[in-house]
Amino acid sequence: MGRAVAVIGTGQTRHGRRNDVSYPDLVREAVRMALEDAGITPKDIEGVVSGTMPSMMEGISDTHLYFAEALCEVGKPVLKVESCGSTGQSIAHCGFYWVASGMADLVLVVGMEKMFEGDGQATMSTVADPWFLKPFSAGAPGVFTMQAMEWMHRFNIPEDKAHEAAAFISVTHHDSALDNPYAHIKIKIGMDEAKNAPIITYPVRLLDVCPTSDGACAVILASEEMAKKIGRKPAWIRGLGFRGEEFFYGESNKSIWPSATEAAKHAYEQAGIRDPLKELDVAEIYNPFTYQEMIFYECFGFCPRGKAPDYVLEGKFNRTGELPCDPSGGVLCTNPIGASGLIRLAEATLQVTGKAGARQIEGAELALSHAMGGIDQFNGVTIVGAKL
Amino acid sequence: MRKVAITRFAQSAGVESGDNLMDFTYRISKEVLDKAGLKRNEVGCVMIASSDIFHSGLSCANAVDWDGSGAFMIEGTRAEDSMFALIYAAMRILSGHFDTVLVTSIIKGSENPDNDTLTGFFADPFYMRPLGINETTAAAFQMREYMQRFGVSEEQCAKVAVKNLGNALFNPYAHMKKRVTVDDVLNSETVSDPLKALECAPKSEGVASVLLASGDAAERFTDKPVWIKGFGTSMDHFNLGDRDLLNGQLTVAAERAYRMAGIRQPRKEIDLAEICEPYAFQELLWCEKLGFCPDGEGGKLIDSGETQMYRAFPVNPSGGVLAMNPYVSRGLYRVIEAAMQIRGRAGEHQVDKKVRTALAHGTHGFAGQCHSVVILEG
Amino acid sequence: MADEKPKEKPREMKAQVTVPYEMAMGRNWHRFFENLKEERIMGTKCGKCSRVFIPPRSFCPRCFEDNEEWVEIGQEGTIETWCYSNLMFYGQTLKPPFIAVQVHLDGTDVGLQHRIAGFDLSDFEKVRELVKSGGRVRVVWNKEKKGNIFDIDYFELIPE
């Protein structure tokens, strides 16, 4: 079914507060690195798809127009696809179908955000409708807290255990970010520090929460024929899925999160994965909040429902564990929203092509990448492998 | 290669709707599914088109658009423009992964600020925005250059508005419909010299929805499929000063669509065109760039009367964007109109000739920075 | 090159964007808010899956059919989840600290977002002793009705 599609190049900016460059120059930085990584020139590109968090964030709309040159779009077929926080996965999927359709052999996919130019929480609260949801918005942390509380209540998870596991995730991810040259937050923290960090929205504490970042990520997708011709080691897209629930947060059960569960299931079916914990070598999960990361472990079938804190505390998802999750430090340490989901795919690609440097998981051959968006509404998953 | 068909479609009329965004979306998507006899959860994929930011006042509009588009727990995403959504949807079918995609484009003009308040947000914050550049001022630059370089007259440009607003009188879905004369147009208020008020598109409501299906699946939903034979997009430079405003990327986008559809002589092989002309003169310029007449002869084309609804080469029998301008949806409205004409079911504005092949065009950005072209065939 | 340190401190331009909208509520939400003025909470019911919605949707997003039936909903409910917010940001409606809550009102099949109030919120540890997922709450009506969601002033805790 359809043509095979490979990731043959990735590029990321140094993420963080990037007021040293304009927004288009930030985009160009990632694009140039991806082109170099793939060993191709802008002329070779046959299509460009881009996206940000479609929002008031930077006060510019239809950014594919503004970034025409930075994205190498001039004279080329273009598409603009966006789906909130899950944009990074949505644009990767668009690139995938573009190549799979036979309409192009080389497609450039770029996600970007410059969050320091706007007000992140004010922006995110405008995803909510003005009548029912927005009046009670406590920003993104509020949403994720509601979800975490529901999850703990439903599965009778003692608060102390969840708190301990969340802190453990925070410590290990912050450690990992130290080995990632592109990461934004690079600090060494201990368990006590994570556990006693200031409360943002109980039980979520400062070190359970992602930063806001400036950053861009570019990925180059190629057909099988083109990938072979170019000859760089590719990561093959083995499965992908995207699902969304209702707009109103209270209409579906976020503690078992159908969209996350089904998006992964769909991707697993395509990739022929039956036991993700055993078969996957690494996972790059979109984890703006430590507690939420545990819910994802359960939705993606890495552990039984309600058991994520136990697995975490056993070290199963450490860099040395059975299924290392977010060895890049993840969204928890770097979050330029429109790029974040694509960074997950870029990191997964680096892992299965053996190019992840100090954060490399030895022998990684099959990796999951993921992004989440909306008010806990959307989830997208892409699985890449060293083998077709 | 697989074939992609437009099987069923629906569009809202240009009148202001009291429905909220969700209900408005639901009504039209539902109409298409009911016509096709397809259940919501049987749809393979949902593709939404809506504005990224300012058109709805809600960030991540795909979130609020999701339920009314019928996307609950099925594969889907959102594109920035309705032509992008249609093309991406077609590619999803071509990939072999999906047999049906429901494309719904959503804009509720009555809720929004002025068109140019919104297009002003395309501008970069440092150079163009402080100068107040928006889609209308950019179009005024383009029109002046068009008249100066090729001697196209204001009267010739005004004739487009006369034709299109007149055509709209027969289109129940149009927003602005008027019998006007060239003098009426030229005497209407100057918006951004040389553009007159009647030469600029209104701000409209518009939800439009189309069910695409693969060649094999199409017959389940309709006995009159309209085939998507070709499509193409292309992007120009951002800064107006970096561009030749009369020689943009429409030619390139059209060439891509023509090559895919196997069209060599567009004027001969295409029977009808639905063109996105938010400013009257653009219909003439775009006709040149689409290869319907030589460069600089758009004025002669309208003078010849050939593009009238009942003549040899109808352009915008629906009334075009001058009569109906739901920003993001306006491309898909062109596609639906072209499909209606091919089916011979356009009602009062059905053209006289037999339409076998039709072209639909969409554009957004300043002075046509980005163009999309789709070729349809019966 | 990207890695070079700029010689001067980067300059930033201050800008602010304000855009006015007139958003249609639609028939159902209009009716919902009119009913709140009468201290009645009305939901809609899907004729197919029988789920009762609040906010009262005009259609069921799963069955994709019109919701024809209106039903009156109870004014007590169960806390599904809640959040004590101390976070302040631009454009926020409620001043922190506040407790956002998702209430499962009796007779509905979905959770409604609102707030819990009616007691001292300044000490979080005390709040934690009082508010529990699974606990019961009741509507407290605003004396002054404006036909918006704050006609329900807040939810108060029902002691066990």
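A, B and C are the chain letters, set down in written order, and residue numbers restart from 1 in every chain.
Quick note on the criterion: a residue touches a chain if its C-beta (ideal position, glycine included) is under 8 Å from a C-beta of that chain, and two chains touch if they have at least 3 such contacts.
Source: prediction; values computed, not measured.
Novice: How would one label the connectivity among the chains shown: line, ring, star, complete, or other?
Specialist: complete
Novice: Just by CA atoms, which chain is the most central one?
Specialist: Answer for the innermost chain: A.
Novice: With chain centres defined as C-alpha means, what is the inter-centre distance between subunit A and subunit B in Å?
Specialist: Those two chain centres are 34 Å apart.
Novice: Can you check how far apart subunit B and subunit C are, centre to centre, with Cα atoms defining each centre and the answer in Å?
Specialist: 38
Novice: Can you check how far apart subunit A and subunit C are, centre to centre, with Cα atoms defining each centre and the answer in Å?
Specialist: So the centroids are 28 Å from each other.
Novice: Check each residue of subunit A and list the ones that touch at least two other chains.
Specialist: In subunit A, 56, 59, 126, 130, 246-247 touch at least two other chains.
Novice: If I count partner chains per residue in subunit C, which residues reach a count of at least 2?
Specialist: Within subunit C, the residues that touch at least two other chains are 15, 17, 23, 25, 29, 61.
Novice: Can you list the subunit B residues in contact with two or more other chains?
Specialist: Counting only residues that touch two or more other chains, subunit B contributes 22, 54, 57, 66-67, 72-73, 118, 121, 125-126.
Novice: Taking the complex as given, what residues does subunit C use to touch subunit B?
Specialist: My answer: residues 13, 15, 17, 19-29, 57-59, 61-64.
Novice: Show me the residue ranges of subunit A that touch subunit B in the complex, using the header's touch definition.
Specialist: Spelled out, the residues of subunit A in touch with subunit B are 1-3, 22, 48, 52-57, 59-69, 73-84, 90, 93-94, 97-98, 100-103, 123-124, 126-127, 129-130, 241-247, 258-259, 262, 266, 373-375, 377-378.
Novice: Show me the residue ranges of subunit B that touch subunit C in the complex, using the header's touch definition.
Specialist: Interface residues on the subunit B side: 17-24, 26, 30, 33, 39-41, 54, 56-57, 66-68, 70, 72-73, 108, 110-113, 117-118, 121, 125-126.
Novice: In the complex formed with subunit A, which residues of subunit C make contact?
Specialist: 2-3, 5-6, 10, 12, 15, 17, 23, 25, 29, 33, 53, 55, 61, 80-87, 89-94, 96, 98, 100-102, 110-115, 124, 128, 133-134, 148-150
Novice: Provide the residue numbers of subunit B that touch subunit A in the complex, in ascending order.
Specialist: Against subunit A, subunit B makes touches at 1, 22, 51-54, 57-64, 66-67, 71-81, 84, 87-88, 90-92, 94-97, 118, 121-126, 232-238, 249, 252-253, 256, 364-366, 369-370.
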